[in-house]
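The next part holds the structures, each set out as structure tokens.
In what comes next, subunit A is part of two complexes: it sits with subunit B in the first one and with subunit C in the second one.
The block that comes next holds the complex of A and B.
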């Protein structure tokens, strides 16, 4: 029994809210009122943050490198689009959950393929699944609208009360609330004994199995969960932009997502959110410099990050904020990206 | 019947082309366990070098091919010494991110320099049209590809099996640590092989401009094909990737001809099934490290 209470007290200690976290969410909320003309891009950031959070669950906590996470994003996006287009589920929140569940089912089914094999096989299988779905969506263009995408999606008001407006205000608050709720859930999960066992698996699957962690079952569970999150992110994309086209499955989306997560750092949940903000700002900046060739600079950022070393960059970026936090609150509150998965 | 044979021939030509394009990747993966998604960028470099030489400087096509090889190999060795070698000991995630970064940079750079539209290389008249062999139409260009790639494959096999360098390379692939212990300079062997693989990719890129199409998105579009060749073929020998490329080439051509609506669906499904069935590739023998 002592071991169990030990684990739970450890987990509880880790799960305590830090001041920096509260500040982070207050800042996020403040942005909504500070930049009322920027709702569209902020919605974009929130969606991307949620999507990156979902990759963080499998990459940062379970160590699965996926090059095809866009598969679940795409399935979520098309599910939400089709549900709204054919009027099957008109209420956006229920449709959102339904779309997430569809993606989760796909995640559950494909997880058995993914947990087999080593890194390279996983890369290929995840990439293959995303490409397969893209090919399927193109093939069944009578359902998906082919390369034109789904057209004429009209969203009903959220909970029958809040209609989507053209400035994206409703869309933004809707996305932010969804992100916050899902974040709380993810936070609860990664600090639970389940989350601790995932970290054990990431660090050493063999040893984790030896101390009695059911490795494969845990991986299936977290992969399904991540698929659910990605599906919700995709559904949010469709609901707030009222379109879904083939590029939701594109390889670039999965690759960008990796970049987002790597900028922010893996394995501490905020990485995806911070990464999304930095990535979107970088993208805007590069696009304003060279509208056509911004991809070059994004690539350069990736190369530099890897060559300099991810952990080193995060340490140096967090140096100043940590210094300030230490002055006010003491050592306990310091923000540390727990570990960067290799 | 004739059309079946023509398709088969096209498939073989396509497959051999894929082999020349991808065999360098097999070495990178097998020898250093390095996931290099940027391999297609070297192929694209070779293609564009050839295109510029032939179209703008008026070189004959066959004279430009060796230069495509040399140019890509030179780029390869510079990047290997400057960047790649720092990443051999890192995790796969870092390698993937790094090579995706390189792909993005190469795509945008080529777009900037050469424009985003598809580039065609002017072919000599001798390579155009078809010849009729026992009632089977065979494209001259494809015939040339089969000949060149066939000779290259033979040469590679001979180098690997018969020369001293080949045996060093095989030793290094089988067990790098033991190879270093025996006094083999593994980093040097690897740098040379990497450059050679990039050169082959460049040559393949030049040859494939006519068949696969050459535009700045080449490395992204065909990345998956190269990876399929290597993962399905396994990286422990040269025969595995060769058979895998032939299989892929024939399946892809046949798929596009007979079930055009299914598109690339067939290929991806086959790949996933094979990887589930044999995670180390159809012909792989070493366990994954």
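The block that comes next holds the complex of A and C.
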């Protein structure tokens, strides 16, 4: 192989689909048929996964920390709610995109405040923006319904064909398809030169600028994109649950999102999705165990994860599957912890 | 002779401390120009102003005749002014291939492409290949930068700057911290820089300066002490007193 073809194939290697990725999505699809009684929680997971994917785009790729990502989730949720409630856009998919765009506009406008400064400033600014929006939503209760939330949202069938049903089946498939499409888009973006420049900025903004990367412009772009994703996640929330209340802006929502990424890991796109599954299942499990004190256990798990290290946990969890794979297929580990991958 | 890079009456103070004093420097096109000076002379501050990290309090910076004093860091790079860092500034989590690939993409104005995957443009790939092989980095192209030996990282540091295809290159102590065994590759890479690239070398190592430079400016306390051909500078009693004397003691 000549050096040139070698370089070309190596440069494109990152973007190639791995078997583990295909398996992941097949499993996600299989869940839809394996657990027909659990659509509501699975929809919840899908939505949280999309929301976490949004945070991963800015945190895992561009290194922007945020404690106020619920701001965009909330704006998306209320936009979708208001559009449906007042019959402005009746078709859910168009309303979904519109709600995402509203959130993106907000993301674009606030990005200039966020990209300045260091991590701590960013944490405070993002937190502040989310609190501001929550207070505004409460103040203008004639529009938002205040603490009662938006009442009486009625969703029209998706594309005029698929009506939302009371078991949440339509809602689940709708959410899963939206997640998959947005995941494909995100995957495309992170393996592009644009995505590479984000990783360079996260690694070393000084050097990124010194090779000609317009650092601020790229950060504004990805922040706006992440806001769009979060807005879509929020709009899905409203559309699949037919309600939007003040808690879409809640600090806990932003904080939970951080936990999801701590559990799943950042910077490889699947962290948010895997984290969302684990987080929700832990939540379910602990809630059924001790309805009152489940937060205690989540907290404990979080501390353990941070102290023991995610890579080590991944490796031990993946030990048995990899052993089987090696035995039967005779190749090296197919599933690798995120820290060892790429 | 055309002037590639010029400063006119550059001034920079931090509080009451004047770090750059009325510095007027001319680097002719194609020159191998060295900027030397004892520790604390303000060499790094000069570099930071040339590259746009710091703004001077007064004075102008001209790149090939056009004023770049107010341009941001990345715009100067796109105009053809690129630099290496004294302490490696690389992307720990990226491979040399990605590092160079990004630099080449940005220079071609393709860095903002968000739909096209990396590795699908033949012109970009060809250039990456050329640079990686010139700097002996082909074998290590898919390893994480943080795992490369220091000498290789140092080569990558220069390679990244070259990938921006600069017309003026600022080399900030290229051989700093490189063990003796790996030094040869660095020096060879520096010596092999294309002649049409103007080089301003900021260096502590006198052997490197005198083997490489055809013109030397001596910076002391933020101001220009003297300037001339290497042998003139070496003979200059003032220089010997403030700089070479000190270096000889070390």
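Everything below uses one rule, namely that the second predicted complex is superposed on the first by the 299 of 342 C-alpha atoms of A that agree within 3 Å, B and C clash if a C-alpha of one lies under 4 Å from a C-alpha of the other, contacts with A are read in each partner's own complex, and residues count from 1 in each chain.
The rule is short, and it goes like this: contacts are C-beta pairs under 8 Å (C-beta built on N, C-alpha and C of every residue); 3 or more make two chains touch, one makes a residue touch a chain.
A quick note: this is a predicted structure, and the numbers were derived from the prediction, not measured.
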Touch test for A:25: subunit B only (first), subunit C only (second), both, or neither? neither
In the superposed arrangement, does A:162 touch subunit B (first), subunit C (second), both or neither? neither
Of the partners subunit B and subunit C, which touch A:138 in the superposed model: first, second, both, neither? first
Looking at A:116 after the superposition, I want to know if it touches subunit B, subunit C, both of them or none. Which is it: first, second, both, neither? first
Which of subunit B and subunit C A:124 touches, first, second, both or neither: first
So, A:12: does it touch subunit B (first), subunit C (second), both, or neither? second
Could you say whether A:255 touches subunit B, subunit C, both of them, or neither, answering first, second, both or neither? first
In the overlaid three-chain picture, which partner chain does A:292 touch, first (subunit B) or second (subunit C), both, or neither? first
In the overlaid three-chain picture, which partner chain does A:173 touch, first (subunit B) or second (subunit C), both, or neither? neither
Those residues of subunit A which subunit B touches in one complex and subunit C touches in the other: none
State the interface residues of subunit A toward subunit C in the complex, per the touch definition above. 3-4, 6-15, 188-189, 191-197, 199-200, 203-204, 206-207, 209-215, 217-218, 221
Which residues, counting only subunit B, touch subunit A once they are in their complex? 29, 35, 83, 86-87, 90-94, 96-98, 100-109, 111-112, 220, 223-224, 227-228, 231, 261-265, 268-269, 271-272, 275-276, 279, 288
Given the complex with subunit A, which residues does subunit C contribute to the contact? 51, 53, 72-74, 77-78, 82-83, 85, 89-94, 97-99, 101-103, 105-107, 110-120, 122, 125-126, 128-129, 132-133, 138, 141-142, 160-161, 163-164
Using the touch definition from the top, list the residues of subunit A that touch subunit B in their complex. 59, 65, 67, 113, 116-121, 123-125, 127-129, 131-132, 135-136, 138-139, 251-252, 255, 258-259, 262, 292-303, 305-307, 310, 341-342
